[in-house]
Structure formats: C-alpha cells, structure tokens
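The same chain A turns up in both complexes below, where it pairs with chain B and then with chain C.
== the complex of A and B ==
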C-alpha cells in the first residue's frame, strides 16, 4: 500500500512535470535554434550587411522617443487615473486597454484612418500644413506609442495606486499643490513602477510589427525598423536576418538585466 | 474665538454633526469609540473631505462654509496621524522642510526651520536619517516637527500615540504635552485613549454616533460622567435613575448616596475602588449591599478588576441596608476581615494607604490599565460601540454589571473566580448623584 501510494505520488508529479517541461521547451527551443543556426564565424560580416545597421539605428531611436513620449504623457495620466474613482475613470481605463488586445494590424488601419491623408486628423493637417504623417519615421513612433502607451499606463497606474493616499493628504496639509505632490511625492515613490512600465513599453515598441508596417510602411532606412528588416532579410539573406535577430536579442537581454538589477525582481 | 466650526458630513450610515470651538493655545480632545466620526471630523477641519453643511472659521477667516471650500494646501493646518507617514524617500530634515518649501520658503530657510523644529523635539541628531532608520517614537517626533514647521493655526492630531508600543508611548506623550504647551494655535486631538485626553487636553469632547454626548474639562468629566461611554472611559460605574429624597432608584435598585438635593432624573456614579466585596452578607454599616455573581476577574499588578453581575437569579433581591452608620472598613480590607488572614503581602495594604491610592489616583489607575493593554484597548472599541456602556447598563436579562477594584490579596482569600457568589457593598458617601 505504501508502495502504491509512492507510485501514485510519482505519477501525479509526472502529470505536473511533463506539461511544465514541454512549456519550457516551447520557449527555449526557438531561442536555441537561433543560437545554433547562426554562422558565428561570419557573424560580424552579416551584421555589416547594408540593411542591418540602419534598421537597428531606426529601431533604437524610435523606441527611445516612444518611451520618452510614454513617460511624459503616460505618467500624469497614470497618476490621475490612480486617484480617480468614478464611472468616467473606469471607462477611460477600459478604452486605454483596447490596444493591448487589438490585433496590431487593426491598430495600423485605425492609425491610417486617423492620421492618413484622408484621415480624421490627417486630412486637415495635410491641407493646412502639407504635413503627411504616414510612411514617415514619425508614423513609426505614432504606431509604437499607440501599442505601448497602454502597457506603460496600466503598469504605472498600478504602482501609483500602491502609493498610500495618506501621503497625498499629508503633503496637501503641508501646503503642497497637486503638481508638487505629483513631482515630489508620487514620482519618487512610484519610480520603480515607472521604470518597469518603461521597460514593458520599450519591449513592446521594439517588437512592434503589424501596426508599423500597415501605417508607416517598410522603407529601408526610413521606416524599416529592425523587426521589419528581419522579416524582409529572411527572404533573401537569412544569415543577415539571424545576425539582426541575435543583435535584438542581445539588446533586449541587456535592458532587462539592467532593470532587473536596479528596480525589478 | 480662534476656531469656530460646525462639522456636518455624511459618513457610511450616519451623519457627523459636531460643533467645535476653541481659543488660542487650547487643546481640545475628541474622544469616542472607533467609527464615531472623529477622523471624519478631523479631515473636514483639514479640508480633506468636504463639509455637507456647517462651517470652519479660523481667526475670522472662513475655510469652509458659505459656499466656500479651501483645499488643505490653502489652510494653515498641521496633521499628525497614528502612523507617522513620513515620506520614505526623504530624510527627516527634508521631511520637516517639505512644508516650509511647499509654502514658499527658500531651501535654506526651510532647512534651518526644520533643524529648529527637530531640536525643539529633541531629535536634532536624527536630521540626516531616512524614516526607515528611525524608531516609531523617533519617527512620530519627526512627524510632529513636520506638522508644526508650517506654523499652523490649527494642529490636528489623529490618535497620535496609538501606534506606539507601550514602552515608548509615555516618553512621546511627555514630549507632545511639553510642545503643545509652547504652541499658540488651537490643537484638536482625536483619541480613544483616556490618558492622552487627560494629560494633553484642556477640554474633552465625547462623540458617539457622530454627535457630542458630553463636553467639559477633564476634572469635570472624570467626576461627573453623563454617558455610559464616558463613564467607561473614565472608569466609573454609572447608572441612570430617578432621585427622591432618600435614594436614587436605578437598575440596581434604590441606591443611597452621600447626599443629594435634587429630585427626578439623575445619574449615579461610583468608582470601582469604592465597591467592597464580602464572601458572606456582612452585618456592618454599608448602606448599599447587593448579592452578586463574579463575571470575570482581570489582574493588573496588585489590583484586580472584578466584573460583577448583580440581580441574576440570586437568593435575595436587591437590598439596601438600613443602618445609618457609615463607618467601618470597606473594600478589600473588609474582605480580609471576613476571610481568613490571607496571602503574604496583603497586610502591606494599610487601610488608609489602600483607600488613598484608589480614590486619589483612580483616573491614573484606569489610565494605566489602558496603557498596559495597549493595542488591545483599541480593539475592544468596536464591540463596545455596538453595545454602548454594556459594562454599566442593564444587560436586558435583568442583570446589571458593576465593576469592582479589589486587591490581588482579596482575589486569593475570597477565591474570586467567574461564577463565584459574593456580596458587593458601596458606602453611601462613595456614591455621587447629579441631575441628568
């Protein structure tokens, strides 16, 4: 009977272990494939392929601008949302979550309808200033902000919510204006949450593909970000695609490692 | 009049309606069980919650009311809560300087002011520390310095000592009392700790269910409680009754007093230390005698607080001894007379000394009890509110609860334990009666 129970314990552990191991495999195997199929001897040469560096540079610049925009626009928004309770705030939160669940291509179409030449905002902009947003680096940033701002706001709002509201109250009785409370109390106390929100937003922006290709197109050196370049290179120069992928993997791991040490667990 | 306020605000199932007025330098304590609306009232004064009706005027300036509502940042208030709420990312000095900086002082002025405030509270050497490196008591002093550094006209203390452990509480209380004496604005301190109220305040306001139930100087309130909750706080047995020439008819039966001139609705109060317990019905001089059953016994040092149930299915009904002589021994000494010579050390309690200690320092004793129990006392507030004054009033099943303080020795000699049957007596001179 003891043996039967031992066997049954081993059995039930296996029931848990097998799917867990399969899950690990599904994540790790592709990464391994990336590393194993890269021709490391010619890695430097492949990185020097003409499509690679412009794509990496564009991705770095646009994602950094995106994160900056998220921080500047998203932090006050997250703070206001964290201190608001009411139906309007609930609705606003729901609306802001839409890009998280929306297929990115649909997001790209939506962006075209708003900022395209015949778009709701795009048409007047074009008529008044001759300004054309689609298929420009600005469009790349707009697409990235559209998909990553919700991640940023939701993460930071959670961190702001965790800042005890009684600190606000005490600061107010000490004479601090709402702006001063935000700058001197909320920001420092929510700093770790803001950092991890920024990391999330940055990762989402770096990986952006669907909305970008729909709204900003795929012009090398202009709107072709690293993910687009990888996709294109895979058709005619797979080793360049691999080199670019490895480079992106390395940058991602670097940022993750930096954040982990300081702010995240 | 420096502070003139009438606070009306709706709060979960009841309305807070609290008139509050105070002069410069006055310390007003607002006491009441948890959920009585004390903190709401304080937040209304600070401007953190809007008033539904009423007003707040300070030095003739309207802070709220008449369609006006100043935000907290525009009121000259200082707020200190039970948790120090020091900003964790700032040093003690920067915490204290936060207020002056917010109100327009230069960095240097603000830091000088911060150092001065910290020095006045004896924590100058902690200026460079973060809150996480401060003890609770130190942090609370820094928080008080922060609240005072903006020169508030109105200082609001919300249970300022309740989160401190019993060992540090007296020190911080002393610091607070000394600082408040030097402070020229109005202080409103919300507490459920009677010792805070008695040592810090010039006036006590008791609040229950959002309304004032009694108000007066500490001495007045301690001597003449007019509400079961107040009596419980100051540690007196209190009964409502009807006075006639000879006695006051209460749920205990007729109670003979030390003399009262009035007739009609009346309060009857006596201290737990005035209640003497006897194992047998005594043939002495005590006027008020009741058969009682011990409900519970709690020992605190050499004193035991016995909760008695009177009128619960005992052999005799309530009984008033008819002898007029009021001499004789009482309290635990009486018990010693009747019982065997008891535990060692019991004789140390000379009759006079014993009586003196209890009668003279009754308030302090009750307060010390509270101190000893610390956080427990706070926890008990909830159920007490649900059943106000349950220690003093008719319990609904015909029994009445009375508190008695006796020596530890008498607990031993009389073997006082829950369920034990005893006789309880109170001399008429120990009973005060006043119109309600």
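== the complex of A and C ==
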C-alpha cells in the first residue's frame, strides 16, 4: 500500500519534471549555443570590430533617454490611472497596452504613418520646419518609447495601486495638494515599483529591433542600435555578431541580477 | 502588497517575452516558416515540397514561376522564401532546409560549402543592373548619380553586406560620388520600400525592382560606364526529380521569359 503510494508519487513527479526540464532546455540551449560557438580566444579582437562600439554607444544613449522619458511621462500617468476607476480609465489602460501585444514591425509602420515625411504629424512638421524624424536618433528613441512606455506604466500603476488610498486621504485632509501627495506620498512608497518598471522598460528598449529598423532605418553610428548591428554583422562577420550578442547578454544578466537582488526577492 | 507587485512584474515579464518573440523582421521569419513546411522533398507519392530560397529581388518572377510549375506538376508544392542573398546563404550554411537557392551576384556563394551543389547543379538564370529609384513625383529632382551627393536629399542604400549594397557602393565609387545616405537597409525590397513610402528621396536598387514596382516609383538610369552587371546563379542541392525539375524550369526559355518580363536581363 505504502509502496504503491510512493511509486505513484514518484510517477506523478516525473510527469511534472519531464515537461519542466524540456522547458528549461528550450530556454537554456540557445544561450549555451551562443557561449559555445564564440571564439573566446579572439573575443576581444571581435569586440573591437568597427560596428560594435558605435552600436553599443548608440544603444546605451538612446535607451537611457527612453527610460528618462518613460519616467517623466509615465509616472504621473501611472499615478492618475491607479486612482481612476471610470470607464475612460479602463479604455485608456487598454489602449496603452496595445504596443505590448503589437508586433514591433507593425509599431514601426504605425510610427511612419504618424511621424514619417508623409505622416499625420510628420508631413506638417516637414512642410513647416523641414524637420525629418525618420532616419535620426530621435526616431530610435521614439520607437523605443512607443514599445517600452506601456511596460513602465503597467508596472508602476500596479505598484501605485498597492499604495494604501488612506495615505492620500490623510495627506489631503492635512491640506496637501494633489501634486504634493504625488511627490511626497506616492513616489516614495512606489519607488521600488518605479525602479523595476524602469528596468523592464530599459530591457524592452534595449532589445527593440522591428520598430527601429522600420521607422529609424539602419545607419552605423546614427540609427544602428546593437540588435540591428548584430543582425547586419551576422551577414559578413558572424564572430563580431556573436561578440556583440555576448556583450548584450552580459548587460542583460547584470540588470536581471540587480533586479533580483534589489526588488524581486 | 508585495505579492501584487510581484504578480504585475511576472505578468509584464511574460508579455516582454511574448513581444521579444515577435521582434523579428519578415525576412527573418520567412525562411523559418518555409523550413517548417519542407521535409526533404521525397520523390513520388503524396504532396512533394520543393523549398526555394531566393534573393529578395527575385520575389515577383519566382512567385509567378512557382505558381506555373505547381500548375504543370500537380502534387508538387514550391515553398518560397525571399531575403537578402547573404542571409539566405548563411541560413543554408547553418543547416536551414533548402532544395534550391538563387543568389543576386556571386559573392554570397562564398558562404556556402564548396561542394554544396555537388549532387545537384548550378546555372546562371538572369542578370541585373543597378538603377536609381525615386518617388513618382521625384520630389528631390534626382536626374543623375551626382545629385545623390546633395545633403538635402535622403538617400537609402542596401547594407554593405548584401549584394545590392555592394553593387551600389561599386557604382558610386566608379562615378566618384559620395551620396548623402541616411540608412542602409537589410535587403533590396526594404530599400525600395523607403522610396515607395516617400520617406527617402532616392534609393539605389536593381533595374528589375524599378520595373516590378510599377507606378509606385520612377527609375533614373545609371549610365553603362558607371554601372555593374550582376549575374544570378541558381543552385540546386539534390538530384531529386522535383528539385531538378523546378531548377531546369527556371533556366528554361519559359523561365527566362518570366525573368525578362520582370526587368531582368537574359543570362
């Protein structure tokens, strides 16, 4: 009896373990492949390939600007959403989620239709000021903000919802203005949520490919971010592409490690 | 409190992963999609699949030729995948399933194993030249290669790593022109699209792309003295009846007719 139960427990554990192990394999094997196929002896030399550093620099600058924009625009938005319950707020939340589920290439096409030279906003801008957004670093940032702002707002709104509404109420009865409540009550209490939202937004911006190549194009030093450089380098210098991939993997792991240590445990 | 934050984080991380999966370009996903449909074409019985990877510039004529071949050979499916010749050659070298490969120019062939076509064969099926494509109203008033140096014009070329980009660089070097380039796109169709959308004032593509784009673009010819001629080799990788059959069909007079109709030069 006892043995039969033990055997059935062992069997049912195996039923869970096999798919779990396969799942781990699906994620880990490609990463291992990256590590195993890299020529480590020449790694430094490949990192010095001319495409690598301008791409990393552009990626760092644009993603940091993107995160700053997300924080400045997204934090007040998340706060207002977290304290709004009407139908309008529900719709707004749904609209803001669209870029999360939209294929990035479609996002790039949408950005062209809005800010392109014949776009809804782009055409008047071009005619009035001769301003051209596509093919500029600004376009890279616009594409990144489009895809990562929703991640930031969703994460921060969750954190702000968790801030007890009675704190705002008490602050208000003590005479604090809505702005003061936001700055002195909501921001400090939701700070860890804002930080993890910023990290998520940054990770999404760093990996952005489809919207960037569609809307901003691909030009070394100007709009060629690290993922674009990996794609192009793969065509003529696979080892440089691998070196750049490893560099991005290392940066991603670093961010993930920081996230775990600080906010996720 | 902590739990709900974690839940949100988990949910958002999940979505992050989801979008990351879709962050590929059409050029990137297409070969994989073709690969999934193509068990090595088995001769005889059931539905037979011939997997063809072809340079982006061959999109229109190869689509037409595949349809014609399927109609003439019931039971055969020609699975097509288009991309930059370089990307496709790399995918074949990495083991992507392919029965037939057509490259723009010879340079991408260096990425294939030397004996890749040993069991099959190789034949040049077309030639092509470089041409300037501009939007229909030619907003930048481009009439020659030299005009591309104007810093007020946005010029788009193919990436240096793909044949159309290398050919464009060669032509510009011959003419001694340094164009005002704003982007180097991943293949010739992506390059042309920037012109059809009106985002670029000019792009350097193949003559055949200008022909197949029809009214969406205007062509500005490059003088023969500055131009280059690319050959389009077709490689097939097995003796399989359907594979060799499709390859010979493309090389046949009927194939040449479809290619010249699409703006290519006869081999």
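Methods note: the second predicted complex is superposed on the first by the 260 of 265 C-alpha atoms of A that agree within 3 Å, B and C clash if a C-alpha of one lies under 4 Å from a C-alpha of the other, contacts with A are read in each partner's own complex, and residues count from 1 in each chain.
Definition applied: a residue touches a chain if its C-beta (ideal position, glycine included) is under 8 Å from a C-beta of that chain, and two chains touch if they have at least 3 such contacts.
These figures come from a predicted structure and were not determined experimentally.
Undergrad: Given the superposition on chain A, are chain B and chain C in a clash or a fit?
TA: After superposition on chain A, which the two structures share, chain B sits beside chain C with no clash.
Undergrad: Touch test for A:203: chain B only (first), chain C only (second), both, or neither?
TA: It touches chain C, and chain B stays clear.
Undergrad: Please name the chain, chain B or chain C, that touches the greater number of residues in chain A.
TA: Partner touching more chain A residues in the overlay: C.
Undergrad: Between chain B and chain C, whom does A:185 touch in the aligned arrangement: first, second, both, or neither?
TA: Touch status of A:185: first partner only.
Undergrad: So in the superposed three-chain picture, is A:5 touching just chain B, just chain C, both, or none of them (first/second/both/neither)?
TA: neither
Undergrad: Put simply, what angle do chain B and chain C open at chain A, by C-alpha centres, to the nearest 10°?
TA: Here the answer is 150 degrees.
Undergrad: For A:166, is the partner it touches chain B (first), chain C (second), both, or none of the two (neither)?
TA: A:166: touches chain B, not chain C.
Undergrad: Which value, in Å, gives the least CA distance between chain B and chain C in the superposed three-chain arrangement?
TA: Nearest C-alpha pair, chain B versus chain C: 14 Å apart.
Undergrad: In the superposed arrangement, what residues of chain A touch both chain B and chain C?
TA: Common to the two interfaces on chain A: nothing.
Undergrad: Could you pull out which chain A residues touch chain C in their complex?
TA: Residues in contact with chain C: 100-105, 112, 116-118, 132, 134-135, 147, 151, 154-155, 158-159, 161-162, 192-193, 196, 200, 203-204, 207-210, 213, 216-220, 222-223, 227, 231-236, 238, 264.
Undergrad: Would you mind writing out the residues of chain A in touch with chain B in their complex?
TA: Its residues touching chain B are 164, 166-167, 169-177, 180, 184-185, 188-189.
Undergrad: Would you tell me which residues of chain C are touching chain A in their complex?
TA: 1, 4-9, 11-13, 15-16, 18-20, 22-26, 28, 84, 86-87, 90, 154, 156, 159-162, 181-186, 190, 194, 197-199
Undergrad: Which of the residues in chain B end up touching chain A in this complex?
TA: Per the stated touch rule, the residues are 43, 46-48, 71-75, 77-79, 81, 83, 85, 87-89, 98-99, 102-103, 146-147, 150, 156.
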